[in-house]
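The following pair of complexes shares a single chain, subunit A, combined with subunit B in the former and subunit C in the latter.
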Partner chain A sequence: MNKAWKGKLLRVDLTEGTCKVEALNEEWANDFIGGRGLGSKYFTEEVSPEVEPMSPENNLIMATGPLTGTYGAANGRYMVITKSPLTGTIACSNSGGYFPSELKYAGFDMIIFEGKSEHPVYLQIRDGKAELVGAVHLWGMSTNDTEDAILSEFHGDAKVASIGLAGEVGVHFAGIINDKHRAAGRSGVGMVMGSKNLKAVAVRGTGGVKIANPKAYREAALDTYATLKENPVTGEGLPALGTAVLVNVMNQNGGLPTRNAQSGTFEAAEDISGEALVSGELRRIKSCMGCIISCGRVTKITDPRYVGEGEGPEYETLWALGAACGISDMPAIIKANYYCNEYGMDPITLGSTIGCAMEMFEKGIISEEEIGMSLNFGDGDAMVKLTEMTGKGEGFGKKIGLGSYRLADSYGVPELSMSVKKLEFPAYDPRHVQGMGLGYATSNRGACHVRGYINSAETLGLPEKLDPEATEGKAGVLKVFQDYTAAIDSAGVCLFTTFAMGIPQLANFCNAANGTDLNDAGILEIGDRIYNLERMFNLKAGIDPSQDKLPKRMLEEPLPDGPSKGNVSKLPEMLPDYYEVRGWGSDGIPTEEKLQSLGLA
Partner chain B sequence: MQKLIRIEPAKCVGCKTCELACSFKNAGEFAPSRSRIFNEVFVEEAKFITVTCMQCDDPWCEKSCPKNAITKEMASGVVTVDEEKCVGCRTCVSACPFGMIKYVDSTGKADKCDLCKGDTPECVVFCPTQCLTVGEEDKPLRQKMLRFVNTMKDGQMEV
Partner chain C sequence: MIKIQFFSLVRLLIKQEATEVPWVEGETVQSVLDKTQAQIATPFLHKLLNEEGVAHTGTIILVNRKNILHLNGLKTPIADDDVLAFFPPGAGG
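Then we have the complex of A and B:
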């Protein structure tokens, strides 16, 4: 029977300079679907939780899902799994574009990078064959220039994922950029790639992805496309305004963390909104491979200070480089976003770290002399300058490149870092959206919105409206979001489909693709298995349950403004419930029984 | 009149669903390299371009085929390759100035868009933005002309 998996993985030993093709472990593929789940299974089987993230013993895995490269529901994702140098947790960063599908067309479900090359190299893959080639001439180049150089020297139709300067100079939140504008952004996966002297992966594939039951697959696709088109978020909001549709919404609700989360509303939110982008810099909307949502923004800036063109910004970037820094200067935000793509950095951690530095500057904790310029909230030009310095690893940019936790901690004020497990939280104030706070505290990679987007229910009312300020029942709902997300990531499907697409539709796709007979419960069980696998890795890596927390500001400083004025996060009320619905002990550790039931014991 | 796939580049979002749908239906797998419709993305220029065979009235591929394997069917206007007659000589590939007929290694035959043999073309079925439509009438052309007409109309004063 045909299956949507290619059944092959590529193992690249960078120390030895060898590439070997291996059969994919089918049993694991069934138990973990693919992508995030299967990649994490391979990773945890092969790498010790105690591994030093920047050592050659840390592996870097690029994993597609079985549905990657097909149509039906934005099925064009891949994931990068490694141990994060920023957080020390297991990392899994997810990206779309065209590169992930091309990997499947070239015949591979997954690439495992081991060891460390003596000198810079990049990987060329062409229809089932792979080799490492020298990349000394690419080292130091931006991701844009790297891609252009590889297209001209390797294959004009190749798809490329690469690191920029940030990944080479050790920015702790360096990402891996593919197709110039798409990012496996968070947790510093690009820093690990740089530590291995691996500059890029270039793929050209002329093969295809076969399906077990084509007729059922086509029906599932027509059904899901209709669902996505009819949904107000995937069919209207995201295509029209991009993810930036949320700027005004979160601001009006009082949940837009502003000036390093000192307040929940930003007086100039309108200026950095999706609406402002549409009437200004937006040139057209864009999709990734096989996606009908089109949240991508193709933009151009012609400001006298800043010029350029590219993709983005999206919501988290507008918030991080905007509201989090008190900045309403759209051209500056867009320019810094382009820099993030060119240097290869995560704009969320970058913006949150600059916001943190701005607060430290205004409080007199860091001096103007040390930074080399003044750094007040609202200063877009300073933010752009600092972004460039960070990407190049120059001056005070080196300290920004450590992320907000290490920066604030080095000045004795770790509480000013708006992070959990050293990963900066995104654009939802947990004092307003209580479930998101629980999500930040319990996410396996640190504070993150794409590990369980309960904001969908708390703010957007999908699949049903929950009171954002309520705590009761949030733990159970969050668990479903987290487990479903783990399954979605593993299948190779974009998370944004889940505003509309239900678990039965994902099951239909998986079953038609691979001839399996998963039901809803089976999908969620796989998600639960992945979540527990990641949790166990983190516990063994020394990230104990005391780290399931939020910054003191969220727990002790009430929101000073907006509809949720006076609120703090009620995490302590929700966390015991969460441990219970997860089937973990009251100490936050998965019980032996739980692990056995998931086949993880 | 002949049915054709009508393409409006302004509506394209660069998702390449047309390539996926075409190859899945006609080659039995999701393989853009096997698609008979082609979508190219130029992000820096903010242009997305889709092209496919326009079923020429006087096709270069037909005229060039030494085995008469390519014919333009008069009723539908579709230019098709008869796989029984095709010997895989690639003369048509060389003759078509648009690159819209190609040789497929796995079959050893020439391959091109046949408008899905009378079904609604699969690329049109799956195109999410109606960038692709199918019809006898060139409606996108009519729309373009009407936009121009309306610009003229708006500029007219009462006499």
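Then we have the complex of A and C:
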């Protein structure tokens, strides 16, 4: 019977310079779906948790899901799995665009990179065949230029994922950029790619994706298509305003962390809002492969200081390079976002680290001399300059490139880093949205919003409204968000579909595509299995449960403003509940019984 | 006076960021919504409420920055000088 998995993975030994095709482990594919789950299974089977992230022994996996490259919703994602140099945890960064589907069309579910090449190389894949070719001439180039050069020398219709200068010079939060503007952004996966001397992966594929039950698949696709089109969020809100709609939402609700999370509202939020982008720099909207939501923003800046064209910014970027730094200068934010794509860096960690440095500067912990300029909150020009220096690994930019935890720790003030497990938290203040704080503390890659977006319920009222300030019951709801997300990531579907699409619809897709027989509980069980697999890797890597915490500021400094004024995070109240609903011991360690029930013992 | 702020698709639709309506005794969110609509030429209430007049899943209406779903819904009483914010369903990440 046909299945949506291609049934093949490509193993690339960079030390030896070889590419081998292997059969995909079907049993694992059934147990973990694909993408994040299956990639993590391969990774944890093959790499020691103690591995040094920048050593040749650390593998880098690019994994698609069975639904990647199919139609019906937003089915075009891939994930990069490795051990993170920023956090020391297992990393899994997710991206859309066109590259992921092309990998399937070229005949592969997954690529596993091992070892380290002696010289810069890139991988060319063309319909089932792969070879490593020299990339000395591409080393040092931006992701834009790299892609253009590869298209002209390899194939004009190829899809490309590459690192920019940030991945080469060791920025701890370097990402991998595909299709010029889409990023596997967080946790420093681009730094690992750079450490292997791997500049890019270029793919041309002309095959398709076969599915087990085409009639049932068509029904599932039509059903989801109608759901996404009719839903006001996915059918109208995201296309019109993009994710940037959240700037005003979170600010009005009092959960927009401002000036390194010293407050929860930003007086100039309107200037950096989705509404401002629509009336200013937005030129048109854009989709990833086969996506009917179209949250992508094509923008242009014509400010005399900064000119340029590109894509974005997203909500997270507007917050990180905006409110987190007290900056209301939209052209500066957009320019820095373009730099993030061109140098290949995560704007969340970048903005949060610059915000942290601004607080340190204003408190006299870092001097103007050391930075090479003054660095006050609100200074957009300084932020753009520092972004460029970070991408190039120059001057004080080298220190920013370490991320906020290492930066603040090196000055003896680690508490000024707004991070968990050394990953900077995103644009939701956990003193306002209590469940998000629990999510940051328990996410397997450090503080993150796309590992369990309970803000959807706490602020946005989707699928139903929860009181953001309440703690009771949050652990159980968060677990469902986390497990459903793990399954969505594994299937190869964009997380944004889940604002409208429920678990039964994902099960229908998976079953029709793969001939499986999953129900809602089965989908969530796979999510739970993935979550526990990642957790076990982290525990063995030395990230113990004492790291399930939040920055001191969140726990001890009450919000000074907004409707949640006076609140701190009530994480200590929620964490024991969370361990219990996860079926873990009160020490936060998965019990033998739990692991056995998931087939992980 | 009651201050009204429009966001997201409502703002794009009516091309207006804010307005004010006079306050009277017994005012509720519902009465303010009706008054505001009467004062604005372009119909916008459908972006916030369904045909039965119930807020869509995901609609956010704030009174002095507190979500009415945690107050008394559309019946939440409104005092003079209160600030209301209207957001149709929206999301991101």
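One rule holds for everything that comes next: the second predicted complex is superposed on the first by the 601 of 601 C-alpha atoms of A that agree within 3 Å, B and C clash if a C-alpha of one lies under 4 Å from a C-alpha of the other, contacts with A are read in each partner's own complex, and residues count from 1 in each chain.
One rule holds in what follows: contacts are C-beta pairs under 8 Å (C-beta built on N, C-alpha and C of every residue); 3 or more make two chains touch, one makes a residue touch a chain.
Keep in mind that what you see is a predicted model, and the values were worked out from it rather than measured.
Enquirer: Pick one for A:291: touches subunit B only (first), subunit C only (second), both, or neither.
Expert: first
Enquirer: Between subunit B (first) and subunit C (second), which, if any, makes contact with A:315: first, second, both or neither?
Expert: second
Enquirer: Does subunit B (first) or subunit C (second) touch A:368, or do both, or does neither?
Expert: After superposing on A, A:368 lies clear of both subunit B and subunit C.
Enquirer: Look at A:499 in the shared chain and tell me whether it touches subunit B only, subunit C only, both, or neither; answer first, second, both or neither.
Expert: Second partner only.
Enquirer: Between subunit B (first) and subunit C (second), which, if any, makes contact with A:587: first, second, both or neither?
Expert: The answer is neither, since A:587 touches no partner chain.
Enquirer: Which parts of subunit A are in contact with subunit B and also with subunit C?
Expert: Subunit A residues touching both partners: none found.
Enquirer: Mind pulling up the subunit A residues that touch subunit C in the complex?
Expert: 232-233, 236-238, 240-246, 248-249, 252-254, 274-275, 278, 295, 314-316, 449-450, 453, 456, 459-465, 467, 495-496, 499, 562-563
Enquirer: Of all residues in subunit A, which touch subunit B in the complex?
Expert: That would be residues 69-71, 98, 105, 180-181, 205-211, 214, 218, 221-222, 225, 229, 283-292, 294, 296, 298, 300, 309-311 of subunit A.
Enquirer: Tell me, which parts of subunit B touch subunit A in their complex?
Expert: 13-17, 20-21, 23-24, 27-34, 41, 43-44, 46, 48, 125-126, 128-129
Enquirer: Note which residues of subunit C are touching subunit A in the complex, please.
Expert: Residues 5, 7-9, 11-12, 47, 56-60, 62, 64-67, 69-70, 85, 87-93.
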